[in-house]
Amino acid sequence: MMDTHYALPQVMLEPVVRAALAEDLGRGGDITSQAVVPVGTTARLQLVAREAGVLAGMDVAKLAFMLMDNACNIEVQQQDGADLLPGTVIATLQGDAQALLAAERTALNFLGHLSGIASATRPIARAIAPYGTKVSCTRKTMPGMRMLQKYAVRVGGGSNHRFGLDDAILIKDNHVAIAGGVRAALTRAKENAGYLVKIELEVDTLEQLDEALACGVDMLLLDNMPVPMLTEAVQRIGGRAISEASGSITPENAVEVAKTGVNQIAMGWLTHSVRVLDIGLDSV
Amino acid sequence: MMDTHYALPQVMLEPVVRAALAEDLGRGGDITSQAVVPVGTTARLQLVAREAGVLAGMDVAKLAFMLMDNACNIEVQQQDGADLLPGTVIATLQGDAQALLAAERTALNFLGHLSGIASATRPIARAIAPYGTKVSCTRKTMPGMRMLQKYAVRVGGGSNHRFGLDDAILIKDNHVAIAGGVRAALTRAKENAGYLVKIELEVDTLEQLDEALACGVDMLLLDNMPVPMLTEAVQRIGGRAISEASGSITPENAVEVAKTGVNQIAMGWLTHSVRVLDIGLDSV
Amino acid sequence: MMDTHYALPQVMLEPVVRAALAEDLGRGGDITSQAVVPVGTTARLQLVAREAGVLAGMDVAKLAFMLMDNACNIEVQQQDGADLLPGTVIATLQGDAQALLAAERTALNFLGHLSGIASATRPIARAIAPYGTKVSCTRKTMPGMRMLQKYAVRVGGGSNHRFGLDDAILIKDNHVAIAGGVRAALTRAKENAGYLVKIELEVDTLEQLDEALACGVDMLLLDNMPVPMLTEAVQRIGGRAISEASGSITPENAVEVAKTGVNQIAMGWLTHSVRVLDIGLDSV
Amino acid sequence: MMDTHYALPQVMLEPVVRAALAEDLGRGGDITSQAVVPVGTTARLQLVAREAGVLAGMDVAKLAFMLMDNACNIEVQQQDGADLLPGTVIATLQGDAQALLAAERTALNFLGHLSGIASATRPIARAIAPYGTKVSCTRKTMPGMRMLQKYAVRVGGGSNHRFGLDDAILIKDNHVAIAGGVRAALTRAKENAGYLVKIELEVDTLEQLDEALACGVDMLLLDNMPVPMLTEAVQRIGGRAISEASGSITPENAVEVAKTGVNQIAMGWLTHSVRVLDIGLDSV
Amino acid sequence: MMDTHYALPQVMLEPVVRAALAEDLGRGGDITSQAVVPVGTTARLQLVAREAGVLAGMDVAKLAFMLMDNACNIEVQQQDGADLLPGTVIATLQGDAQALLAAERTALNFLGHLSGIASATRPIARAIAPYGTKVSCTRKTMPGMRMLQKYAVRVGGGSNHRFGLDDAILIKDNHVAIAGGVRAALTRAKENAGYLVKIELEVDTLEQLDEALACGVDMLLLDNMPVPMLTEAVQRIGGRAISEASGSITPENAVEVAKTGVNQIAMGWLTHSVRVLDIGLDSV
Amino acid sequence: MMDTHYALPQVMLEPVVRAALAEDLGRGGDITSQAVVPVGTTARLQLVAREAGVLAGMDVAKLAFMLMDNACNIEVQQQDGADLLPGTVIATLQGDAQALLAAERTALNFLGHLSGIASATRPIARAIAPYGTKVSCTRKTMPGMRMLQKYAVRVGGGSNHRFGLDDAILIKDNHVAIAGGVRAALTRAKENAGYLVKIELEVDTLEQLDEALACGVDMLLLDNMPVPMLTEAVQRIGGRAISEASGSITPENAVEVAKTGVNQIAMGWLTHSVRVLDIGLDSV
C-alpha cells in the first residue's frame, strides 16, 4: 500500500473539485435527480473496481461527494496506492440520493483517470526497480490537472520531473540551437540559474553528451537513443550526472531500457494518453 | 475539412488558456529560456504533425502563443478539421524566442489532446455514416476540459451528448432503482422536466425497453446489449425514439453495431482514454 | 407548498453569496455594527413578510447569515414555495449581533428579489393552469443571477426556457433573415443541432408558421400575435409542435391568451422588471 | 446630455461583462448562430430605443460586443445620459454575425436594466430639483450589480448613498435598540468612526430627532414620516445636518416630499424594482 | 488590549489566506514535510514573540493553520492588540505535524507583518494622544493587503484614511494644477461629490490654505510644512476643518508635530516600509 | 544595468495588477478625478526618482497605467536594473488625465516597493561579490507578492531561494526534531525527494554539520553562527555542499560574513522589512 506522505492537503484539492462540479452542474443542477429521485431519499452506494489496478484520487472523489452532501457518511475501505481487483469495494457511501448521484460523474472522472495513471505506472516501476531505474512523468499533462496527475504518478511508484517551467532548467534542442551549441547553452544556464535549481540537458548524440560532460551538468536527457547507444551513453556518464532516457519507451521495452543502467525513464504517455481505470458506483 | 461554424469564441477560450499558462509558468516563469536564450532573440518555428490525424484546437494553441507574445506573427496553414499527414506544417510562428518557447508545452498539450480526440472520432464517424449512425461522446471527460473536448468531438464529425447535468434528462439504472421502476421514473421525469428538455432512459433489457416505449420517451440508451439484442431493440423502437448504443463499443466493432440501425453510438473513451496526436514545434 | 426537488445544492449557491457579501463588505467590513454594537452581543432576529407573496431564496438567505456567523442558530419556519401573509414569520435567527446585521442587506436583497419573482409567477401559473398552459421565463435576466432567477420561477410554478445559448436552439427573426428564410434556417438547424437539443423557431406570421410546420420543428414561438391570430396559429399547429406565445403578455391578459390553447406563455418581465417582495428583519 | 465624468473605466467593467457572457455562453456557446448563420457572414445591426427614456450602460453593451468580436465596428450615436425617443438609433454595429448575435442578449440585459434605472431617476430628479432636493439610491441592489446600478442612478441625475457597509456609518433601528438608545449609539459611533467617515442616523420620531441633534450628527434619515411630521423635522434640523427622507416615497408624491425642504429623498425601488427600458437590436 | 469590535469576519479573510497558502504550496505541496515527517505525527507548537510589540493578525494566522488541518486544536492565549514581550506565548497549537509545518510560513508572514504595523503604530498613537492628535495610514499599501494593513493600524490605535479611491475625495497637487487652482478644484468637487463623501484638499502654502478655507472644505492635508508653518496653519484653520499633517514625519518628530494642534498625522511608512515583528513557531 | 532576461511575461503580471487596481478603485472608481478633472483632459506626467536607488517593476507600473488608459503613450527612459539618482526621469506618460491619476497610486505602490528591494539588494550583492558570495532572499514575503519580490531581488543582483514549499527540500529544526535527528531526517529526505529536487539542511552546531556531511547533502543552512564558527563550518564543508549563512546578517556585517567563504547569505528582511524607494509622479 502506498505511503500516504504523498497526500495533498484539502486546501489544494478544493478549487479543482469545486470547478469540476460547477462545470457539470451548469446553471440548473442535476435536473435528472431533481425530477426522478424523491426528495429526502437516502442512497447507499459503493465505489467498486470493475477491473484490476491501483487506486489513486480517493481524497478527491470523497471531496466531490462531501461538497454535494456534507452530511453524507463515507467509509473509505481502500486507500490511495491499494491494489484493486475486479469487484474490490473501494468505499461505501450513505447520504442524500439526489446529492450523491449528482456528484457521481465528477467523482468518477477524477478517480478513474488518476487510478488509470497509477495503474499504468506501478507495473513499470516494479519491473525496472531491480535495475535501479525509476519511471517519471513529464509536463505533457492535461491542462489544469498537473498537480493531480503528478500525484497519481507518485502513488503508482513513479517519480516526478518538473512541476512547471520554474522549478528546474531543462535545455532542449531548440534552446541549444538558439544558444549556439551545448557548451554555450550550459555556460549561460550555470551563470543564470538559481543555486537551488538543477540543470538538465537534452542530448541526441554522443558528441553532445561528451561536450555536456566536459562542461558539467546535473542531469542528461538521452532522447530517442537506441539501446546500444543508450548503454554507451550511460557508461560515458559514469555517475557524473543523473541519466534519463526518453522517447518511444513503452511498457514492453522498458525493462530492456532499464538494463542499460539509466537512472530514469521518462514516459509522457502516463499523463497524456493513459487509459482510465474502470470504477463504478453501485447501489447496495 | 471541418465546417468552421463550430468554432468557439475567444472569450470562452481565454480563461482556460490563461489558467494553463499560469499552471506551467508557476512563480518564476520559464527559467530555462530566461537563462539560455539571449534577450531579444527572434525565433521562427513551425507546428508540424509527426503522424497522420485530424487537427483540432488551433485557436487554443494560437491563443497560448499570443498571450505570451502579442506581437508574434502566426500564419495558420491548417484549420481545425484538416487531415494531417506526417510532416504536414500546421502553422508557422515568428516572434520572441523566450516567449514562444515558454508557450510551447501549453500550446502542444491542448493541440495534441484535442487533435487526438478528433483523430479518433473521424474514422469511426465515417465508417458508420453509411448506416445512418453517428458517434457521440459522454460526460466522462477530463475535469475542466469538457467544453474543449466536446468541441474536438464535433471537429472529428461526432455529435455531443449532454454538456452537463442540466441540459437533458438521462435516467440511469440507479435512478430507475430509486424511483421504483421504469414507468415510475419516466412519469416523474415528464412531470418535472422543462419543456425544452429531452428525456433519455437507459435500459438493459427488452422488458425495460417495452415499458419505456409504452410510456413514451425521447431517447433510449441501450446499454451493453449484444448485437442481436440490439438489433431486436432497434426494431422494437421502430423510430418512436432516438436509439443510442453504449458499452464496450470499440473502433473494431463499431460498424457491426451501426448495422443494427441504431441512431447513435456513445463512446466514453473518446474523451477519457484517448491517445494524444503527436505534434511538434520545430525551429525553421 | 413547493416541491423541494427544485432546491439548488449549496456548492452552486456559495460563489454567488460570497461575491455578494464581498461586494457589500468592501475593504473595511460593516463599520456601523463594529462601531455601535458591543462585541459579543447576541441578537435574536426574525425574517418577517411585510406583504403577501410566495417565498423563494430561503437557502440563499440562510447561507448569507451562516457565512457571517457559522455558529448562529437559524430556525427556518417557512420553506421556499410557502404562501406568505403580511406578518408571516419566515425564520428566526439567533447569533452574533454584529455578524447578523452585517449579513442583513445581502440576505434580504436575495430573498426579496427571488420571492418577488415567485410571487409574480404563481398567480399567473395558477390562473392559466386550467387551460393546460404554463408560464415560462426568458434569458432577459439580471447578469449573474440567471441560475437563481430561473429557480425562483420554478418555485412560483413556472417553467424555464433556455438556461443559456447552449442548451437549445431558438431561431429568431435576425437568424431567419440571415439564413434566407424559415425553411433554410430550419434545414441548417436540423443538420447541425445535437441530437439532444430541441429546436424552436420564432414566427410572426401564419405564412411563416405553415412553412415551419411543413419542415417540422419541436417548438414554435408565436411572437406578438393578437389573440385571434394566436388561436388560429394554435389550431394550425394541431399538436405537431409545442406552442409558445410571447410579447406584450401581462397578468391581466394572460388568461385570455391561455384560452387560445397555447402550451406556454413566455414573460420576460418576470426576471427583468419584477417588483421586490417586501421582507424585513426585526429584532425580537 | 450626461456629464461623462461619471464614466467607469473598462478595467472595472470587464470582469462583470466577461462573467455575464460566460453565464450565457455556457459550455457550448451560441449553438443557434453556429448552426444557422453561415460562417463569415457580416451583420449590420442597430441598437434602437423602443420607448422613450434615458440611456445608460452604453460602454457596458459595447464591451459585450467587442469581447465577442474585437474587430467589429461600433458607431456610438448616443452617449449615456442621452434622452431617447421611440426609434432613436443608439448605435450602429457592423461585424461578424455569429459573434454579434451571440452577444445580443447580454448587451441588451445590461443596457435595458441600466437605462431603466436612469429613465426612472431623471424625471424625479428634475421634478424635485427646484426645491433643492436630490434623489438617491440605497444598498437594495441586485447582487453583483451595485457598481453599475449606482452608476446608472448618477447618469439619471440622482446621487448615491453608500456603496457598501464600509464607506459610511448608518445607524438603523436595530443598532439603536442594541446600543441602548440614540445617544448611546451616536456616542459609540463618534468614538469609533474614522475621521473621513460621515455618520447618519435613522429616526422614526421627533423625540429621537431632538436627541440626535443634541448629540450632533452628519445626516439624519427620516424614515416613514408623514409630510407634516417631515416638515417639522426639517425645520428642527435647521441645516445642522443633512436630512434624508425614506419610506413609501413614489414618483407621485416625491414633489410633495421635496417641498418639505428635505435635502435627499432615498428610493430603494430605483435599483430593486425598476422596469427595464425596452431597447432592441435590429438588422439594417 | 485591543477593543475587538475591529475584527474582520472570516468571510473577508478566507480569500486572502487561501491565496497565500496556494502561493506557497505551489503544484506539489510541502515536499519537505511530506518527505521527512512520518505520516500521522502529531505536533505541539507554540507561537512565541521573539521581541516586544503589539499583536495583530491572530485570526488570519489561525485561519492559515485551520485551512491546513481543520481538526487541529488552537488555544489562543493573546488577542489582537495585546502587548507582547520577548517570550510571550501567543497561541498553542496541537495537530497534524505535516499540516501545521506546511502552514507555518504563511501564518507567520501575515502575523509578523501585521504585528509589525501595530507595533509601530501604538507608541506613536500613545505619544501624541495627549495633544488630541491621531496617527493615520495612507493608500501606500502592499498590493492585495490593504484591508489587513488598515486593520493592523486600527489595532495599533491609529485611524484609517481612505480605503480606496472611491470612499472620499482627496484633491492633490496634480488635481489642483489641472483644475486651475484651489477654488476651481473645490468648486468642482462640491458640485460632483456624493452627499456622504468628505472632501479633503492638499495644500502646500498658507495662501492655498486661506483660499481653501474661504471656499469651505472638510479636511486639509498640510503637506511637508515645517513646524512653525504648521502651527500657523492650524491656527488659521481654527477648527473649521480637520487638519492633517503629512510628509517627513517620523516617530522622532511626531510629538513635536502633534504639539501644533494638528488633528491627524499621516504616515505612509506604517504600511509601505514597516519592519516585521519577530514571531516564531516552536516545538513544545 | 540589469540583464533583462529576468523579465516576467505580461500574462504573469496581469492578474496581480488587475487585482491591485480593483482594490483601489472599489465600487465607485476614482471619485476625485471624476469630480475635479474635466473630461477629456490630457495629462503629461513623469515618473521621477526622489532618491538614489535601483529601478525594479517598470513593466508592472506601465501595465497599471495601460490598463486604465490603453491609448496612453509611455516612453520608458529607464529599464529595470538602472541606477537612479534623485531627479532621474524614469518614464514619461501622456494620456487621459483621469485615467492616469487613477492609476498613479497602484503603479507607485508596486514600483516603490520593488525598487526598494532592488535598491537594498544591490549594494550588498556588490560588496560581497569579491568573496564569491551571493545574497539571497527567503519565503518571508508579503502574501501575494512573492513572484514580484523574488524578481526584484534578481534585479538587484541577488539570487532566489525557494519560490515555495514544492521546489526544494529545506529541513529545519522542527523537522529534525520530529524525524529524530539529522541522519534520520536526511535519510528520509533522500528516499522521498524527487530526482530534480535539491536538499538543504539547517544546522545550528558543528556536530550537526559533521553528521550532515557524513550523510551527504546538497546544501547546508548555517543558522545564527558567529563568524568564527561560520569560518570553521565553511572549512569543514570544504566544497562538498553549498553553504548558506542566515540569521542576524545586516548590510553592516555582510562583508565580514562573506569573508568566511560562505557561498550564500540569506536575508529575510529584503522582502519582509525593506524600505520603499521614493518615486513620484510629476506633472510636466
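As written, the chains take the letters A, B, C, D, E and F, and residue 1 is the first residue of each chain.
The rule we apply is simple: a contact is a pair of C-beta atoms (placed from the backbone, for glycine too) under 8 Å apart; a residue touches a chain by one contact, two chains touch by 3 or more.
On a predicted model such as this, the values are computed, not experimentally measured, just so you know.
Student: Same interface as A-F shows up in which of A-C, D-E or C-E, over half of contact pairs matched?
Tutor: When the contact pairs of A-F are compared with those in A-C, D-E or C-E, D-E matches.
Student: Could you find the chain whose CA centre sits the greatest distance from that of subunit F?
Tutor: Greatest centre separation from subunit F goes to chain C.
Student: Please work out the Cα centroid separation of subunit D and subunit F, and write it as a whole number of Å.
Tutor: 44
Student: Could you state the distance in Å from the CA-based centre of subunit A to that of subunit D?
Tutor: About 51 Å, centre to centre.
Student: Indicate the residues of subunit B shared as contacts by at least two other chains.
Tutor: 5, 23, 25-29, 34-35, 37-38, 102, 146, 160, 163-164, 166-168, 192, 194, 197
Student: In graph terms, with chains as vertices and touches as edges, which category applies: line, ring, star, complete, or other?
Tutor: Complete.
Student: Over in the complex, which subunit B residues touch subunit E? Could you list them?
Tutor: Residues 23, 26-27.
Student: Touching subunit F in the complex: which residues of subunit B?
Tutor: Against subunit F, subunit B makes touches at 18, 21-22, 25-29, 34-35, 37-39, 67-68, 70, 98-99, 102.
Student: Write out the stretch or stretches of subunit E touching subunit C in their complex.
Tutor: Within the complex, subunit E touches subunit C at residues 3-12, 15, 146-147, 150, 160, 163-164.
Student: Taking the complex as given, what residues does subunit B use to touch subunit C?
Tutor: 5, 134, 136, 159-163, 166-168, 192, 194-198, 200, 219, 242, 263-264
Student: Within their complex, state which residues of subunit B touch subunit A.
Tutor: 16, 19-20, 23-38, 41, 43, 45, 97, 101-102, 104-106, 108-110, 112-113, 116, 139-146, 163-175, 177-179, 185, 188-189, 191-194, 197, 268-269, 272-276, 281, 283
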